[in-house]
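Two complexes follow with chain A in common, the first pairing it with chain B and the second with chain C.
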Partner chain A sequence: MIGIQLAGNLTQGLILGGVYGMATMGLSLIFGVLGVVNVGHGAFIMIGAFTTLLLFTQLGLSPIIAIPVALVIGMALGFFFYYTVIIRLTEAPELASLLATFAIGTLLEESVKFTIGTEFRGYNWDVGKISLHITTLPMSKIYAFVGSILIALLLYLWFSKTRAGTAVRAVMQDRKGAGVCGVNVNWIYALSFAIGIGLTVTSGVLLTMFIPVGINPYMGGAYTLKAFVIAVLGGLASPYGAFFGGLIFGLIENGTYTLFALVPSLEPFAMTRFLSFLILLLILLIKPTGLLRAK
Partner chain B sequence: MSSKIARYYPLIPVYAAYLILFLIGRNVTGMWQLMAMLVFYCAIGQAFNIFLGMTGYVDFGYVAFMGIGTYGMALSISHLYQIEGLGMWVILIGAVLAILMSGALSVAVGAVALRLRGAYFAIATIGVNEGFRFLIEGAKIWGGSEGIIFSGQFTHIFGRKTASLISTTWADIFVILVACLGAFVTLRFMLGKIGYALMALREDEDAAKVMGINVTKYKIIAFITSASLVGLVAAFAWGLKLTYLFPDEIFDISYTVECIIIVLLGGAGTLLGPVAGALIYGLSKYWLTIILPGFQLLIFAPIIIVIVVAFPEGVVGVLKRRVRGTVLEKFIV
Partner chain C sequence: MLRVKDLESGYGPMQVLWKPSLQTKKGAITSLLGPNGVGKSTFLSTVFGSVKPWGGSIYYEEKDVTYMPTHKKVEMGLALVPEGKHLFPEMNVYENLVMGAYVKKASRHREESLALVYSLFPVLKERSGQLAGSLSGGEQQMVTVGRALMTKPQLIMLDEPSQGLAPLLVQEVFRTIQKMKEEIGLTVLLIEQNADASLSAADFVYIMHEGRIKAKGSPEEIKGSPEIREAYLGI
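Now for the complex of A and B:
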């Protein structure tokens, strides 16, 4: 009985993990290219979630349409914040960019709180479900999973096949060297930041499939923490590492939830949140360069 | 001799500010609460500055230390109230417990995270607050998510009249004293070996290491000091004042944001900075509460961005440059 339940939860965890992974790729891309840790990461996920919610409830558009809309909004925000703030901080001490991205996150949260309010909201996109022997999966979650894999693949193709993607990889490896070879480093920074934010906002669309009534201006905080655990699992500067880190994290989160639920004196949901913090500390203690990809 | 005393002149404007706040609060009707809030911001600003200002590291989970400090006071009062004759000692035990508990948490976090460089440290601290809160709620420690309500026990110890006097007046006076202590500790650090070591590591950690400075040790000293001080502030300002606590309120990340705003606004790494930042922030918040309640962070988030980008020295940093070469130089550090 518990075996079936565990298998079911792990399946759910894998599906969710794929979306987690995609939700972290933007963070890793930005750190890998610019060396900036986006502490306001979760707030951008929240923007994606609200985009989906508003398109669905106000205009009746399906979340599939919200994906390109979120990507455009995200990239616009990315370019905006890059040219107004981040551009001045790439050479400054780390503290400056940490504080600035944190403030950007707070600004987004407070703006949404100001315009929409703090109540928890949600929407219901019913597109049927599949019953497996071990668990029942709503189709919306499967679409989200497939969507994250497709987006991760597209990013991979963009990186390996296009000129701009190659230039981004060149800057990741050696900024000065890339500049000497004629790469416009500043433009690559702007583009990477915009794509990173675009991916993050898009991931907010996919994540709404997993939180029926959890859309709120402050929802991002939890995802910031999870994204850092995942990014550190995957080696922080590697977007693919992040994707696989997400899969592992999804499995850990749902697997341990099942186990924590067996202990009557524990509140399993809160314990999984504590566990993610513990994992973060442990990885930083043992192998700060990430488990999946050593530098 | 006189030069030794002169080194402590910078405390004069800080203490003068606290004294003025206290006097306004005592003598102008209806101002006590506002003054208490301003002193609270000064106190948490002073404590936060010892870490962020002196090391250049930022702790995004700082409010966790305030939360655990509040638990120190709550546990002392709610467990020891039956022992007769303890009286005021309960508060002292609560204060000591607050220092020990927030200190212990900072040792645990610092021992892991402070071995790492800036970005990784910041990443590790993001989870401290959430992680700790969810441990308390998840494992149902100390009442779990229901918190601790100890007003009954508190009244049991002191009687209704004294209890209310402690909550409404003495709790705030204790906060002022901790704020004084914070300023004193900051100046001691600045004048002593610790200050030089921290300055060296803030400018260039590798160089400091090569010169034989045990950077991890000094970072941890600053971290523990900062954490214990803020734990003590919260024990008084939240524990003793409200006589109840709920985990979701005392681990609210917006206090971390407030600490960051106060220190940056005033000038990180300066002695007078947190006071200036606290006054500017506290008064604006008070004013904004009237015209736009609950949205002070909407106003201040872009202000942080502007400070970081355009004038990272803060108000006192700029002031310090202005008064260089004048009599005031000795007083503004």
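Now for the complex of A and C:
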């Protein structure tokens, strides 16, 4: 019985992990290229969640349509905040960019609070479900998983096959070397930041496809924390590392949930959160360059 | 070809360049000599645009490029071999070289540039699939020079290309620089601390001290002046 429950939870964990991974790629990309830690990461996920919610409840549009809409909104926000704020901070001490991205996150949260309010919201997108022997999966979760993998794949292809993607890799590996080759480094910064935020807002759509409730202006905080753990798992500056880090994290989170639930008087949900921090601490102590990075 | 006048720049509040002026002649090797920390690299970085000029002017091919962004200068045929290599460690030799052909003009000549680089440094062809980070110091320097040649330059600026290399390899570097001039027809601006070698390679020499040009002339004139040699070159 426990075996089945564990297998079921691990399946859910794998799916959620794919979405987590996708939700961390933007953070890693921005850190890898600009060296900026986006502390406001979760607020952009929240923007994606509200985009999905509003399109669905106000216009009756499916969350699938929200994916490209969120990407466009995210990239527009990314370019806007790059040219208004981040452009001044790429040479500045880390504390400056931490404060600035924290401020951007707060600004987004308070703007949404001011215009929409703080109630928890949700939506119900029923597209059927499939019953496996071990668990029942709503189709919406499967779409979220497939969407995450497709987006991660597209990013991979963009990185490895296109001129701009190659330039981004070059800037990540040696900014000055890229400049010598005639890469417009400022433009690559702007583009990477915009794509990073675009991915993050889009991940907000996928996350609500997985968990269509609890949408509120402050929902991002928990995701910021998880994204940091995942990014560290995956090697911080590597978007693909982040994706695999997400898969592992989803498995651990859901697998241990089952185990924690066996212990009476433990609140399993709170324990998984405790566990995230424990993992973060352990990795930072043992292998601070990330588990999945060779270097 | 390159005409720099009264260039000023620095880092934060610290001024490094105090109005040096310098010109290169088309198809010649011009050398900028001087001891440690006098501002030679800063001069090249400012000409290239990675350090912002505070004042003065930079003309390239009779065009004012003082405040032009670096990627446009690369497109115009200005190349820099920076101090400290700056290769892409997780790309292989071939990918590093191809990155040099990034700008549009250079990408049109990619294959012929690649053939040129491989003929200049045959060992790079053998190493083409190897990660740049795994090469020896001398081979990495070849990739750095090769990558600059891939940008299809007319003027190539080299920042201490012989630094940290064994004496035999230093000779090889200077032979390559001669080839760039004679066989490829490039204009060369060479920064060196190695006074002996660059005095014999150069067609014209500038001597920098504390951010200023203290002397200039043909290598013979510099060699023939004991005062200059003693005061600035220590030879």
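The criterion applied here is as follows: the second predicted complex is superposed on the first by the 294 of 295 C-alpha atoms of A that agree within 3 Å, B and C clash if a C-alpha of one lies under 4 Å from a C-alpha of the other, contacts with A are read in each partner's own complex, and residues count from 1 in each chain.
Basically, a contact is a pair of C-beta atoms (placed from the backbone, for glycine too) under 8 Å apart; a residue touches a chain by one contact, two chains touch by 3 or more.
Everything numeric here is computed off the predicted structure, so don't read it as measured data.
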First, second, both or neither for A:S276, with chain B first and chain C second: first
A:I104 touches, of chain B and chain C: first, second, both or neither? first
Contacts of A:F228 with chain B and chain C, given as first, second, both or neither: first
First (chain B), second (chain C), both or neither touched by A:I134: neither
Which of chain B and chain C A:A261 touches, first, second, both or neither: neither
Greater residue coverage of chain A in the superposed arrangement, chain B or chain C: B
Which of chain B and chain C A:A76 touches, first, second, both or neither: neither
In the complex with chain C, residue positions of chain A that touch it: 163, 166-167, 169-170, 173-174, 176-186
In the complex with chain A, residue positions of chain C that touch it: 50, 69-71, 74-75, 79-82, 85-91, 99-100, 102-103, 106, 147-148, 151
Complex interface listing, chain B residues touching chain A: 52, 56-58, 60, 109, 112-113, 116-120, 122-124, 126-128, 130-132, 134-135, 137-140, 144-145, 253, 257, 260, 264, 295, 297-298, 301-302, 304-305, 308-309, 312
Chain A residues within the chain B interface of the complex: 31, 37, 39, 85, 88-89, 93-96, 98-100, 102-104, 106-107, 110-111, 113-114, 221-222, 224-225, 228-229, 232, 260, 265-274, 276-278, 280-281, 284-285, 288
